[in-house]
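Down below are the structures I want you to see.
One chain, chain A, links the two complexes that follow: it is found with chain B in the first and with chain C in the second.
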Partner chain A sequence: MPMASLSRWTMSYFAAALAFLLAAEALIIAGVGYPGAGLLEPATLIVVHVVAIGWLSLAMAGALLQFVPVLVARPLAFPGLALPALLALLSGLLLLCTGFASLAGWIDWPVALMPLAAVTLLAGFLLLGLMLVATLLSARPVTLFARFVLVGLACLLATVLSGATFAAILSGSGGWLGEIALLPDGLPFHALLGFGGWLGLIAFGVSYRLLVMFMMAPEPPAGQVRLVLIFGSLGLGLALAGLLAPLTGLEIGAGFSVAPLAALALAGAFYGRDILALYRARRRKALEINMLASIPAFAALGIGLPLLPVATAAGAPDAWLASLTFLLAFGWLGGLTLAQLMKIVSFMTWLETYAPRLGRGPAPRVGDLVAMPRAGLWFTLYYAGVALGTVALAAGVATAFQYAMLPALFGTAGIAGELMRVRRLSEIKAEQRPPFHECPRLLLARAEERRQPHVDNRTAASPRA
Partner chain B sequence: MSTTEPLQVRELDVRPVLRAGEEPFQAIMDAVSTLEPGQSLRLIAPFRPVPLFSVMANRGFAASDRALGNGDWEVTFSPVAIAQDASEGLAIGSSPSAISWGPPIEELDLRDLDPPEPMVRILEALEDLQAGDVLFALLAREPVFLFPELAKREHEWAGNFDEAGATYRLLVRHGGGSAH
Partner chain C sequence: MSAPLERLVEIALRDVLDPEMDRSVVDLGLIYDITATPEGAVAITMTTTTRGCPLAGFLKEAVAAAAGAINGITSVDVALTYEPAWEPAMIAAE
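The block that comes next holds the complex of A and B.
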């Protein structure tokens, strides 16, 4: 049945994700990780994984749990796994950070925590993948959108498995790998599959559908969208080949990572053309905050993605690669996620609160839940910090990078505060708020229990019910 | 959903009416009008009621009959399953009785509204309708968040995309659930 209901735990995923973003920004301000430490040192890896798993992956997971059922018009499969998956991902990430901290010598815990962290993270992502894949495949035919998500989830699996292997090596229990040198040669491909495949390609696929919906734009031609999927998959396939090459004994040159990056940049170019066309052809002329705040994110993608393969091919210094990667992670993926969270959280909160009341009394519009223009100010702060941080990293000025993250931290905290105010209906006039006990809760949607309070007043249940 | 549960077949024996010398047609039509959506009617008559077959076909019922032996006949009129003919391809969850709904008394073109405005308009329009009234709406996408709300309010619906896949056509039949 093409029914979609509210995903019960999505708000908890979002809250955890925002907490990790704030933590990552605070760590950078405190000087943890690159450029104070090397790119591959444990301190940097803590920050990278808090951003990649804690912030971006949890936000992506929460959004997919809500929108995959909507976009394929099927109920979410195994919804009971959403909470166990979240708990596994949270504990896995904390274990991983503890493991890195041991490697860095900050604490004296056994490094055997690393494989445990890997297994816990694998379990969390497998539960998540099971829910999403089963939901996607329950709708036939498998749509182009579903293919983006399926390819992205395959990349996630490759990322997690390679990460688990690295964890085994780092903890000294990787002897079974023999002479195969997966580290550090596999690291760029591990990062590419995670950022480019799981986070990037799915962001491509999902944004096509959401932008069409949010801006009332005509659906882009399927042939063009397919090009993005084909070149994206090609790039990710090359990244996987690069990751697996040491296992087959094949010698790939150090510059091999240029090939997957170039294919991904091509996919990004086709994607950018479509997104530009969507903005131009939109029928809803006034842009809402989520679409306005997405523009700097798309700009970050347009700058960062084409330059990354060029810089890699030219053998640019670490500082440039770090700067471009930061721009893509914080500017594009992070900015896009923050911007769309504004819309997703207000839409879900509106639906939870007002759907049962529609037609039976006054209801505000979805946009009324968001405090404007204050929310815009937070985004300005956030993007200003990201822009300054990108420049500071490229210039190799460590202190400037730390200070640059201050406005980003304030902006993020402001956005998180606005999202909490959306959940609390703070912008809504008292007479349009439901009674207190029916107000949305901060972290948990009233998904299943929405039924009870409103089937009241019927003298007798209908015989069909 | 409520309509997918098997419904008991309603039985009407018109032999006593005919024995009393009365005309059974009105009794049959009254029985038909009180059928639940999807419910079948089993008619028992002292002859094979051929003229009734076309009358019932127009109302969306298919007839299957069998002789009971002593000259009596039993005819079962079942609502035609939607998927069998013209309406093939209705979205899963669509009411199977939609083919027998009357013409819509209200039509809404909501294709230019962004979500959730179409849902707001449809639910508002339904509040002003009576039980059995049918509403027709054109939408730009499948209203997946509307369907649970329709089910909760005991309205029935049937819908699908047009051939081009660009417009979603939705019929909603007011289920009689009253407003607060």
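The block that comes next holds the complex of A and C.
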């Protein structure tokens, strides 16, 4: 019996990620953080880290645990670390938010929680990195796709280490750091490495492979894809230089962040050209919900990424920079993640439930697991909220931003509900569902090798003559 | 070699549908070669759309089962290959 290459804990990562997205949206609606508070105030930092670590990083981690082994055709290294990594990331993030809440004066807990949060998060990301790097390097030669992920993981390490330094400084225990204490000047570069490198560059690399698979499109020429990696790495290398410059005593000037942003925008332009070509050359003419719902995400990237360096160079007000960053985080990264979750969850659920029935009589298609057009409605609500929120932030109208997040919250809740329905096979006729005890579990994939008794177990060894 | 038997196998494999595309492994161009001896021993060479496809093992087993169910087939051997790599141009026109 073949074994499905299913990552056991990916569904738990996704569930936690969605819970954090809902929490972030609820916090924004409640008026927590920017624009009610300053960009660097603890309240804003809570929302930013719930989005960056809780939502986007956990979703990315869950997806990578499933897809890295598939894309390099090697089993996941150290699979037993997936749960400890998740638990460390969850507790690290909760500690971090508690630390920020103490800094904001909302609760009276010791701010010494901050370094503890940083160490816990570092441990979680190191465990995740160990699994992914060991898996990627077990396949030779190291492919272009693997290089995107490796560069992204290097950016993650720089982000987490710089974040840990900020945490030590903010908690007042950073005196021993000496010159490293100058790092807070590098805050924009910390954000750039996290959003642009760990989340952005890996989203670029992974989406090339996934879009080719999902749309049955021809592989884009490696030379073109390499350009994206080169300019992306250049931009992220510059961001790292900006982060470390204060240590060398180098004066880089306030405008330096334009350089990495411009290189990333160029990488984004090359990437956009390739994605457009993939959509046009696809053999699968009817677009599924994940590819339809990705279109607004790519549009958000196309608007946000080129404008960010321009706005930074022009010395645009905070409101504009916040608006563009929001568009990229919620429109592009958030939208793309939500859209692809529909596909990843339905495919994994199908694999778990119906793969052993393949070729042995009728079975639902992967797409049959998703409720359409209802899922499309949730995405419309989500993107409408993001578009309104982007405009409200640019205009600096705090209450409009809060109200704009309402449809986004409803949309997200709807999508989360649809994903639960996919796991429960709610769209599948009763006669095509396996017995209850063999149905997929909500948070845990049945990754273990086993035969499914409801399947007719004919094998090649016993031909019907 | 037994051409009618190979034809029968190809017809049987048209019932093995890809769960994504809802098209058969034959239409998708995943079956590279079918050879059968007059005694009924069949050898099938196939691929998957991507190396490391999580479905690979299941597809291989489904192909073996579909071929093995044909009257007159005594044994089935399915080999998975990625030479040449599958590409969308191999999909049969609808």
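We take it that the second predicted complex is superposed on the first by the 438 of 465 C-alpha atoms of A that agree within 3 Å, B and C clash if a C-alpha of one lies under 4 Å from a C-alpha of the other, contacts with A are read in each partner's own complex, and residues count from 1 in each chain.
What we mean here is this: contacts are C-beta pairs under 8 Å (C-beta built on N, C-alpha and C of every residue); 3 or more make two chains touch, one makes a residue touch a chain.
Every value quoted in this text rests on a predicted model; they were computed, and no experiment measured them.
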Partner chain in contact with A:G359 - chain B first, chain C second, else both or neither: both
Which of chain B and chain C A:A217 touches, first, second, both or neither: second
First (chain B), second (chain C), both or neither touched by A:R441: neither
Most chain A residues touched (candidates chain B, chain C): C
Contact residues common to both interfaces of chain A (with chain B and with chain C): 1-5, 69-70, 73, 213-214, 216, 219, 283-284, 347, 350-351, 355-356, 358-360, 363, 366, 458, 462-465
Chain A-facing residues of chain B, complex: 1-3, 5, 7, 36, 91-93, 112, 114-116, 119-120, 123-127, 140-142, 144-145, 147-149, 151-152, 154, 166, 175-180
Chain A residues touching chain C - in the complex, by the definition given at the top: 1-6, 69-74, 209, 212-214, 216-219, 282-284, 347, 350-351, 354-356, 358-360, 363-367, 458-460, 462-465
Residues of chain C touching chain A in the complex: 15-17, 19-22, 40, 49-78, 87-89, 91
Complex contacts: residues of chain A adjacent to chain B: 1-5, 69-70, 73, 213-216, 219, 283-284, 347, 350-351, 355-356, 358-360, 363, 366, 451, 454-455, 457-458, 462-465
